[in-house]
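Both complexes below contain subunit A, partnered by subunit B and then by subunit C.
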Partner chain A sequence: MRLHKKICKRLILLFMTFWLSGCAPFTENKLIEEISPVTFLSISKGDKGKLTVSTIMPPLSKEKKFVMSQEVSLLKEGVQKYNLNFYQEMKSGQMRMLVISDELGRDGIMSIINVLLTDPDISPRIYLVIVKGNFDEYLESQLDKDENFDYSFYRMLKHYEEKNQGELTVVNLHEFKNLLYTPYSDPFLPVFKLEEDGVNYEGTALFKDDKLVETISSLDDRIFQLINNDHYLVVLPIQKFEIVLGHVRSKVIVDIDSSYSTMTYTVNIDTRIEEYRGEKQLFDPKQLENMKKDIETHLEKQTHELVKKMQELKVDPLQLGIQTKRPFSKPMEEKKWIEMFEKMDIKIKYNINIDPLTDANSKRQNL
Partner chain B sequence: MGTYQLFKKNETYNGLYAMLLVNRLQMLYFFLIMPNILIHPYMIWVLIAVGILSQLNLFLLSKWLLTRLSSNGYNGFVQMFGKKLVRFLSFIGLFFILLKLSVITLGFSQIVQTFMLPATDTNFLVFFILLFCFYVAGKGVEHTIRFVLISFFCTFSMITFFVFFFFPPIAQLSDLYPLIPMEWKVENWKAFFLILSSYSGPEFLVFLGPWLKTNNKTFRYLCYGNALTVVEYVFLFIASLFFFGSNYLSKTQYPIINMSRYFQNPVFERIDMILLSFELFNLVFAVSLFLLLFYGASKIAFGKMSKPTSGKGLLSNVFLIFIGMVLMNELFWKSEEKQTFLLNLQIIAGSISYFLVPLVIVLVMKKEGVKKHAST
Partner chain C sequence: MYMFWKKKQIENKLVAQSITESELSIEALKKSLVQMDDAEFVEIDISVIRKIHLVYIRTLIDQEKLNESIIKPLTKCSKPSIQDCITNSSIIHIPNFIEAKKQLFSGSILLFDSSQNLWLAVPLKNPIGRAIETSETETIMFGAKDSFSEQVEQNITLIRRRLPIHELKAEKFTVGSMSETSVVLMYIEGLTNPDFVSTVKEKISEINFDLFFDSSQVAAFLEDHQNSIFPQFQQTDRPDVVAYSLGLGKITLLVDNTPFALVAPITFFHLFQSPEDYINRWVVASFLRIIRYVCFLLSVSLIPIYVALTTHHYQMIPIQTLLVLVDSRSKLPFTPFWEAFIMLIFIEIIKEASLRMPTKTSQTLGVIGGIVIGQAAVEAGFASNVLIVMVGISTIASFLIPNYLMTKANSLMQLMLLVFSSLLGIIGIALGSIAILAHLNSLSSIKQPYFSPVSPFFRKDWIDLFIRGPLTKMLERPEHLKPLKLKRYKTRR
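Showing the complex of A and B:
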């Protein structure tokens, strides 16, 4: 009797291991030699409303890589076309980036975002990037020089995402989706420009709903990083005063009056001077104070222009609308907020705290 | 296979087990979809309020558990209700158990299909889950109750991962506004009953009286279990509000699992798969317990109490349940609209059973004049 029981148990165990190990006819075949887990997809506008989907194949095995590009009307149709064209099956589980051309961005990318959200294989952490220029051609030209171009590009994005390193905007799918679908906010994405020497970060693309409407760059983008995205910048060069501020940390306090007609946007900054090539004697407290005032007014003016631009475009990437939410009252409708936002008088105020130059101080004064 | 003694009673379990039983039976399937139906931040208060209501229910339950009758099991019930009524009630109970079993198993296997094995038919998954459960249930009630410990440690630890969502930049206090309801819609009632139904489960402890060591601390332990559930529910709900924002919550079908997909780890990429696999322990525990209850109830309902329990009997019961589940899967679960019907049915059935079972028992106890047995 006992023997019988033992055999029975073992058979059950064997049966289970067999089925659960995936050697079953009804699961997907994911043998590593037979699949190509692509790391990125680049999507751009094709002819007549079609999409051009391209990627580097094969992503894993040590074969000669090539750029595969398909013109399709549906995104997932591209996956199917790849499978019909290449001996390995394409899988999207390792996807890390989605590169979208800026023309496509201007038309709206809602449908693409929805495709990514529905597929449980695609991580909500994939990076979304807008690219200006022909990415396919660029890939072709890069393959000879740098085979692992896609990987290094991904590492770069990952580096700046972690712990908010400042410098550049990095947005993943989840963040984009949240900004897109929640009221009082509009999404934004990083923009890279393709040039002969490589992929250069240009700035931040502002979206109205799912459509790209404006790209902000240089000082505007720096300010955007400072007041919204990272609240930190490694360097902030201000050419006008021939000065470079380093390790800039900011704290933003937004105050909105009860009638929602004026908003005071206060930015408190802690920083230190990293470089100065101007004429002023910054070791003198008075002159330093003057310098501070100058920088403050300059940044205030710039930020005001930036916010003005956002108001004109009716986009709210700073999520200012959230400030109107109160714990004990009904949130206002998004339409109403946008109308208000357009007319709102937004006052910008900067308070800069610059560490005095201690080390060099005595030397210069003696001169 | 020898004569099984599925319902034999060698040892009794102390308050800690009672606490874990309450907690794990309340955290079955609904918590995975709950934020999707609750949506509004002010539902936090409803969660807490119903939690307190559930505390009252547990108070009634502990009154019953403290009587001598409860530790007599079947004979105790017969003494209270009479033989015929017990048979009738257990016949009705069969449907409640079958419904609950089906909803949690089918729901879970659908989640597994969506996130882990998209090419597999859910009927196969149901088959494997029941196979596991048959094995556990075949060990008898004692071992199944003991299994709650494993199930608790496997599933509770995964909740702690969600602390990650309570820190900025994901957490923004404004996601929790408005804190009080400005209007009360019809859907909110559904959410209310869902909460009530999610807290159900401990009413099955009524039948586990013989295996629980009861004393004057029992109520306290039951309360701890319930309080832990309230904390877990509120915690997960707030985390999902932070993560998705109130507006997006209604659009995501399985919010908790989608949240776990956002975790990152340099070694494992699909943490959701690991969490789901661990969640399976809880499911197997609950389903095996319900299988045993189903088997017991069917024996009572068909007047087979005098016959000894056997592995074959259990197997045939499991087989019946499997067929029932496959039918439900094909007829209801696979199409989204009919699935909501089944879900709503379970929501109502769960609420009713949790509300009525302890109440009725205590009322009958009062009427019959059953006294507490001397507390040990």
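Showing the complex of A and C:
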């Protein structure tokens, strides 16, 4: 009898270990050789408000791959349809990228983001990417050439994400969610364009809430990386002056006046000249100073235009609204801020410090 | 059932017969030593009326010394007392028959002077035995090379040479009703906690068994927890380790006919300490000790983690590794658990075989084992490449633990975690680890907590726990051993 009681107590303890910790002793079959953990999903607009979900199957093994595409009205429905059409069960725990077509982006992607966020299997670190063009067709054409196209693409995004390499915008689900749901901020995503020679980085897509409104590219995108995203650029070519600035690091100081009518946006830059093909004699401090002034005005103009565009579109990816927050006072409503932001006079000021590559103050200046 | 019962009755009768002997006489001895070829009865005539009887077991005594120190002097003896003639240093008076037999079988020569009716015993033990050799179980690069042998007296000598102080006590006990094995309890009086000594003495007195051929058999009777897989006595054949342990306040048991001494109380962390730790420079020694702990964790958990990840947590595997894993696992007939289980059992078989086989054949074994495990298993599709690498790493890692008994415990823990991991994944490993930790915390070695100085916590002892601090900083003996003298230096006046 005593033994029975003892065993009973132990069983209760064991049961409680699982019960209290919320662990079910019934586990899903997740043997790696029996599942196919997809690495990415590509979502685009289908007919009649439906979604086209496609991916490469089988994702990891070295078997012959093919592009699987399903037209569905719900995202998870696509996952279920995959299972019915393929001998391995699809699992989303290894998902690394979500490729969204720009048409779908313009319609809004809130529902997709919410599905991903609520799935405990999906890591919040998956990269979100906007693609211009038909991605499915592109995948089909790539299968013969590059079997691990998806993996190479993932490695590229991962490379530029780590320690802000300053080349392209990389945004993961967690960051996107934060920008989407935080007041005074709007999300942005990288945009890739499908061309014959491959997938090319085009620029950054600006979102108003969950809807894509504008894509900024070339110098605008560089400036955006510099003042907001990475605060670092490996190279900043300015064709107008035939000059390339390298290792550009920025510090941004934002100042807003008490009436919230004017904002001063000061960008301090430390850089050095990497390449110059112009006529100016850069060893001459005066000419170098002139050059600096020219670059400053050029960047100020460009940045001003960029911010102007944002004001017109009523998007605030730079999170300037945070500047209106004051201690001991109720934060401004987002709507009110956007109205204010639209009319705000924003002054841009660049201070460039160019590290001399040679001793510019030496005797050689007179030569 | 009837057959067994009958047998028992016969045994009882035999026991009853052998007890009825008491009177000490040559005839009684002859009667009890009948049918023993090596029992010798010799008569030496000193004078016409005086005869000396010698009784001894030929195989147990030193024949040369017998001639030198007893027979030669006795034939020339003219003194009234034979004690004065014999040149041997120790002579024992024998009061009764039981004592006589005890002396006879421990290698003494019995002398009977019929004129004085005097029984004497002269110990002349046969010195046959191994010389002092290098330790094979605890090999080190630097440091003393001598190790214990099977003769307990010689072993005590080796310890006394290292600790030439009068406080070092050596108390002798006899255990085993048939083997009559002598067990020597050594400790330093005034330093070792008397509780340890009394605990061990009490346990030795409670031993009721017939045969003891090894110190581990004695340890089995002294241990607090017999069903545990963890050893509660440190077995060592190195006199320097024993002397160091004694100096810290531990007790040591030397068992006759065993080269392995028992040291107690020990903790779980003692199993990771090598004698070389105290010879190497402290930084190097600390590094090696940390590596040993890491290897222990690796050897216990690496394969369970592999099984957990491949069966339950594919999400946690880095995608690069997953590519390799899926590729190597795609055509295997077994699930990860069975694959790992079979490989581990196979490794155990090879380990055991290499121990039992003579050294000349072990080379063949190594080649066959290596090829079978390394290549054939993969090519035949029994195991994946990745698992072979992991089995290799965890097996080699398990060899880093200096204590051999612990290596055996390791494999069992690994198998237990393997089962847990295949059932519940990482949560299973966590539950299994909790179970192991709880068990370790409940253990004790001669009633001292097995997991100290971590729990119960002794801050100062951590200097010689996961790291081996500089000797000049280790000025106090470990607190968890509760020594009577804590300081290792002489206090200035």
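Just so it is clear, the second predicted complex is superposed on the first by the 331 of 367 C-alpha atoms of A that agree within 3 Å, B and C clash if a C-alpha of one lies under 4 Å from a C-alpha of the other, contacts with A are read in each partner's own complex, and residues count from 1 in each chain.
Just so we're on the same page, contacts are C-beta pairs under 8 Å (C-beta built on N, C-alpha and C of every residue); 3 or more make two chains touch, one makes a residue touch a chain.
In this text, all values refer to a predicted model and were calculated from it rather than measured experimentally.
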Who wins on subunit A residues touched, subunit B or subunit C? B
For A:Arg326, decide between first (touching subunit B), second (touching subunit C), both and neither. first
Does subunit B (first) or subunit C (second) touch A:Ser61, or do both, or does neither? second
If you stack the two complexes on chain A, which partner ends up touching A:Lys208: first (subunit B), second (subunit C), both, or neither? neither
Of the partners subunit B and subunit C, which touch A:Leu31 in the superposed model: first, second, both, neither? second
In the superposed arrangement, which partner chain does A:His174 touch: subunit B (first), subunit C (second), both, or neither? first
If you stack the two complexes on chain A, which partner ends up touching A:Ser123: first (subunit B), second (subunit C), both, or neither? both
For A:Arg222, decide between first (touching subunit B), second (touching subunit C), both and neither. neither
State whether A:Lys132 touches subunit B only (first), subunit C only (second), both chains, or neither. neither
Residues of subunit A contacting subunit B in one complex and subunit C in the other: 27, 93, 123
Residue ranges of subunit B touching subunit A (in the complex, touch as defined): 1-2, 114-115, 117-121, 124, 128, 131, 135, 172, 174, 176-180, 182-183, 244-245, 247-248, 251, 258, 261-262, 264, 269-270
Can you tell me which positions in subunit C touch subunit A when the two form their complex? 310-315, 317, 319, 322-323, 325-327, 329-330, 332, 335-336, 423-425, 427, 431
Residues of subunit A that touch subunit B when the two form their complex: 1, 4-5, 8, 12, 16, 19-20, 24, 26-28, 93, 120, 123-125, 174, 177-178, 181-183, 322-323, 325-331
Using the touch definition from the top, list the residues of subunit A that touch subunit C in their complex. 17, 21, 23, 25, 27, 30-33, 35, 37, 39, 60-62, 91, 93-94, 96, 121, 123, 151, 154
